[in-house]
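The chains carry the letters A, B, C and D, assigned in the order they are written, with residues numbered from 1 in each.
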Amino acid sequence: MTDKIKVGIMGATGLVGQEFVRLLKDHPFFKIEFLTASEVSSGKAYKDAVKWMLDETIPQEVENMTVIKTQVDEILKTGVKVIFSALPSRIALQIERDLRNSGYYIFSNSSAYRMNPEVPVLIPEVNYEHVKLIEVQRERYQGFIVTNSNCAVSGLAMALKPLYDEFGIEEVTVSTYQSISGAGLGGLYAMDISGNLIPFIEGEEEKIEQETRKILGRLSDSKVKQIPLKINASCCRVPVRRGHLESVVVKLKKEADLITIKEILQSFKGVPQNLKLPTAPDNPLVVLEERDRPQPVLDIFTGSPQRAKGMAVTIGRLRGEKKVFKFFLLANNTVRGAAGASVLNAELAYAEGIFNSNGGSHG
Amino acid sequence: MTDKIKVGIMGATGLVGQEFVRLLKDHPFFKIEFLTASEVSSGKAYKDAVKWMLDETIPQEVENMTVIKTQVDEILKTGVKVIFSALPSRIALQIERDLRNSGYYIFSNSSAYRMNPEVPVLIPEVNYEHVKLIEVQRERYQGFIVTNSNCAVSGLAMALKPLYDEFGIEEVTVSTYQSISGAGLGGLYAMDISGNLIPFIEGEEEKIEQETRKILGRLSDSKVKQIPLKINASCCRVPVRRGHLESVVVKLKKEADLITIKEILQSFKGVPQNLKLPTAPDNPLVVLEERDRPQPVLDIFTGSPQRAKGMAVTIGRLRGEKKVFKFFLLANNTVRGAAGASVLNAELAYAEGIFNSNGGSHG
Amino acid sequence: MTDKIKVGIMGATGLVGQEFVRLLKDHPFFKIEFLTASEVSSGKAYKDAVKWMLDETIPQEVENMTVIKTQVDEILKTGVKVIFSALPSRIALQIERDLRNSGYYIFSNSSAYRMNPEVPVLIPEVNYEHVKLIEVQRERYQGFIVTNSNCAVSGLAMALKPLYDEFGIEEVTVSTYQSISGAGLGGLYAMDISGNLIPFIEGEEEKIEQETRKILGRLSDSKVKQIPLKINASCCRVPVRRGHLESVVVKLKKEADLITIKEILQSFKGVPQNLKLPTAPDNPLVVLEERDRPQPVLDIFTGSPQRAKGMAVTIGRLRGEKKVFKFFLLANNTVRGAAGASVLNAELAYAEGIFNSNGGSHG
Amino acid sequence: MTDKIKVGIMGATGLVGQEFVRLLKDHPFFKIEFLTASEVSSGKAYKDAVKWMLDETIPQEVENMTVIKTQVDEILKTGVKVIFSALPSRIALQIERDLRNSGYYIFSNSSAYRMNPEVPVLIPEVNYEHVKLIEVQRERYQGFIVTNSNCAVSGLAMALKPLYDEFGIEEVTVSTYQSISGAGLGGLYAMDISGNLIPFIEGEEEKIEQETRKILGRLSDSKVKQIPLKINASCCRVPVRRGHLESVVVKLKKEADLITIKEILQSFKGVPQNLKLPTAPDNPLVVLEERDRPQPVLDIFTGSPQRAKGMAVTIGRLRGEKKVFKFFLLANNTVRGAAGASVLNAELAYAEGIFNSNGGSHG
């Protein structure tokens, strides 16, 4: 039996950090070795530093782990090379680069390096081949950064991928219904969003447009060539705790029929399914037949097996004809749109043997 | 001084009925003479029959008025010819027709007759000329039905009108964020929508597509010729009490620039403004400059003077270039999207002298 | 290995019915054999009849089970004697009695028979001895009815029990903050409770006062002698999806100190813990130290092991001195306050051998 | 005709500051001369500095008023002596004292000086005589501070007053349901309170107990003698935007009957009603007969005339017998519980001629 790879989590007390902790608990490949947080939390037991928000209780294996400060030298002391990052972008910018340059492997939810040409925005079902950018980075820095996409992009890119491959896409118009958890624990005041809608999320529409073009892009000469897809994105915050719903209109390049579209979406699979990665859902896209789905309260935990709960994107109200098709999709923003996405990326790296060649430190 | 026109309200205990009561209180043209409701409420004082939901208290002039049953013969007994209808469509279907055929004037929020070729879906700022259908009906039936649009259509049609006139419109894509009040007092269970999103409202997308085409249509041969506008509508219920927000993408036929678009929207006015109708807002479209508006909690009561509160449609996040422009709009669904719209229609009819020619019964 | 007892669930499509299904899935003692619902649902596969609201997906073992009609003769045909009831009281009144009189064993969440002197309102940690009423009923009817308490009573009775035994209680004042799920799937309209408070729940204050007195009562002569405890209950519905919070002030008969009170609550255990019943939480009462707990979103799933999630009552803000102590308590209203409570009662009956003596039908 | 008194508002951009602006607009006694805010807002036009949250639009008379910094020397420059304070307590502590010592008249919503023996916590309907403390302060400092009570105290003290006078009160137990606006615009994060309950508000229970004892106290030797009333207060934040609901149990010293209690509450009036002060509601306590009231969404704007909307406290579900009576009460926390309360206090001072003796600066 193989030893588990030791991993650390940076920014472990935030909402995405908590999801990392939950998803990495009892993980078949990984074992949590350290947790970091800002200065006020460092030195405390994790259970005292965190305001735990998840339904499952704090895993016993970490509740008394002493939180260390999110600082390069503190982390270097641990010698643990595989690191999940739930840091805010402005903090991630320096730390993630420094750690990479020190030979560390960063699986990051931060947006800091997503649009960096060397760094993949990896959704293994969609752009598996971008994993090659890991080797590009390792040659230059020994370490590497792999990012997951923005929380509103993950579901969209996954739904577009099979349509793009089969029919080509002329244009996408998307309006989002993004839950408050997307802003983090302290991102929104109650008086602003309670019983209200805020039709603006800073930088979000640009991220949807840019990241989607990059994710769907082809690798050529060790670079991602973005596709020239036209995307109209409009983002709105809604008073819902979890789950990002999106209203999508896709214009295809070729005509299609509804039944085919549905089959293509429902049967979409990729490398993680072939490799049976632990966090990979059997069906990355689940098309719901009910006339009023997906709904956040009912559908954000879609995904099987158990470890893949929240990793499947649900699609509903699929309608249209010829070249124009419409649907709503729902993604669990802190799982498939954040922590779960990076865990899946790390599982892929593990399965690809990337941690073997003097990679991760085994426990 | 002219006597006020006596009016009745059918379906006066529902949410839209309550708005009718509020808007017709102390009205310079109209005076409430009767209120109807279903059998269980009839015979009661209005204040005992209604579950009053509005911030302003029940007007003294109606609180002790005895509610009559929503039945043609009961209403005929009153001899009051100008009637506002907040009835459900299935009930309106027969009663509104019977009353019209008895020579009554119906200003209806019901969808029952909206797509009937003789009946205008009137938004006086947008399609003033459709008022001529009133004469067409009067010739045939003595009475007439004038409808206001669906609650999600009113704001959209108003925002599209000046763009359509100036640049032509190729295609509209709209995703709605519709508040629970749009479903009426008993339209949604709390467990279904509380902290949740429901991406389906029965018949709503069809209404948006059809009614908008009719409202923007030209009158020819006493018929409305619908415009062939392509509209992609996707409707979603959100856990907000009042106000319908919409994310809109408009493709124009001609190129435009953002400043012009903004000016055209902001300066949009119509007949109600020229006539200074009591419920007409000074500016039917109010373009907000803040980066995160409109918001239901902050903006649903936009409109001046006082009597026109909630009658202005707010537009924000206006952006785009060339032929594609995007914005969010917000309409007060029970005011501009329902009761206020029909009150404005009746004010227009009053100003046009339609009630004079042996029309309304004066008090 | 013992065969599992076959069980049925009446009212299986409602919210409490769904919790029964979830809790009885893979149960070590029980196996679901039939599900009933009202006429419109009968004949359908369970997954088509139910609007499934729980985070966990519909158990495979029941998703295609054909729902039968909630009718005595339909149920008698199954021959399955152990039945969980999530029926509304007015329906339960006749069916539960008829089934009991036919020799069936009913574990009911309905309030229909709670105050019946032959029927126990059983919370095994609190009034284990009331289980004797089962024998009293069996002698008379062959079958029996065992009820769980009202959803707002379960947590209160559990918190009061150890204080009552140790110090005596002079008076209890309780104000509730009850979630919308307590009213069932169709119990509240969104426009009534969204962003609002409703300080009235029909019959609830009476239930709190009466059921608590019965639960804490002693058995004597095969009857429960209610205690004469003074209870001031005030009930309010709040816009929260799950969990009933209660603000409690207890006046003891003897003086106590805060540390002792805390210890007594935290260490409270009963027969289910001794018997290690599957759904029994290790600690029925969990005293939280944080200054702002318990909170529904954070604490309703308290309870270990896994199968007992939601079965522990959390207590926080414990304060007071001498004879007056104050605290907030939180109970998961559909688990400890409903389905979980009856499942625990049935587990107790199983452990007591009540199903052996020609009792349950083994699978 | 008398000139209006010039007034200033400190902390004018917060939620209570906005209510001050709204209530002082077109006021028959007062005219807004200056508005203060923190450094980031000073120098801006009010409409650009404020995030306006109220249904009514920003009054024209102040929208372009330049906001000044909340600093003693800035305020002294204005020469405007009558000042409303919506400052946070830690800031109020120094500024209010300095201004008073400079001869200014402060009507404060801050808690900084509420428990100071020289300073009245004034609710003119309840403790009119405490107005004498103004003279006590003026003799010492020329200026004075008058505070309104905590937002959760105002309604309670008003409801208790007539019962206390008539029957004496042995003990009060109160559990609160306090809306998020009570914490101010930035007082609560959405992820903490959305769909949740937080059974803790720092310092609130102590304020309820202490302020109520002071408000109901008698003046003797120029000091308020607190009454020795036993109060059990438990405070909880609920996901409601406006209005504080309270569940109250009162134990009287003498027996009473329900009809008398109701009459005494409903007919309660005081000096503001006798003087017909502009913001005084005709009936300070309004007893509702409906079985499920008061409710925040329906009742927070109770109070007539128009200017007194939100100044009446609604009471419902009145029940009890002998010495124990229970009810729910609702107070508009930003009006009767904050800005409206201080405006009423200033109106009383005006009517008492306190601003005449070289007091306020006339415009």
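FYI, a contact is a pair of C-beta atoms (placed from the backbone, for glycine too) under 8 Å apart; a residue touches a chain by one contact, two chains touch by 3 or more.
Being a predicted model, the structure only gives us computed values, none of them experimental.
Shared contact partners of chain A and chain B, listed by label, are C, D.
Using CA-based centroids throughout, the chain positioned farthest away from chain C is B.
Because chain B and chain D share one sequence, their contact can be compared position by position; here over half of the interface residue numbers appear on both sides.
Centre-to-centre separation between chain A and chain D, using Cα means, comes to 49 Å. Averaged Cα coordinates give chain A a centre that lies 40 Å from the centre of chain C. Inter-chain spacing, taken between the CA centroids of chain C and chain D, is 43 Å.
Each of residues 53, 194-195, 239, 241, 297-298 in chain B touches at least two other chains. By the touch criterion stated above, chain B contacts chain D in their complex at residues 52-53, 55-57, 194-195, 241, 297-298, 301-302, 304.
Those residues of chain A lying in contact with chain B across their complex are 173, 175, 177, 195-200, 232, 234, 236, 238-241, 243, 245, 247, 249, 291-298, 316-317, 324, 326, 328. Remark: chain A residues 15, 53, 180-181, 183-195, 239, 241 touch chain D in the complex.
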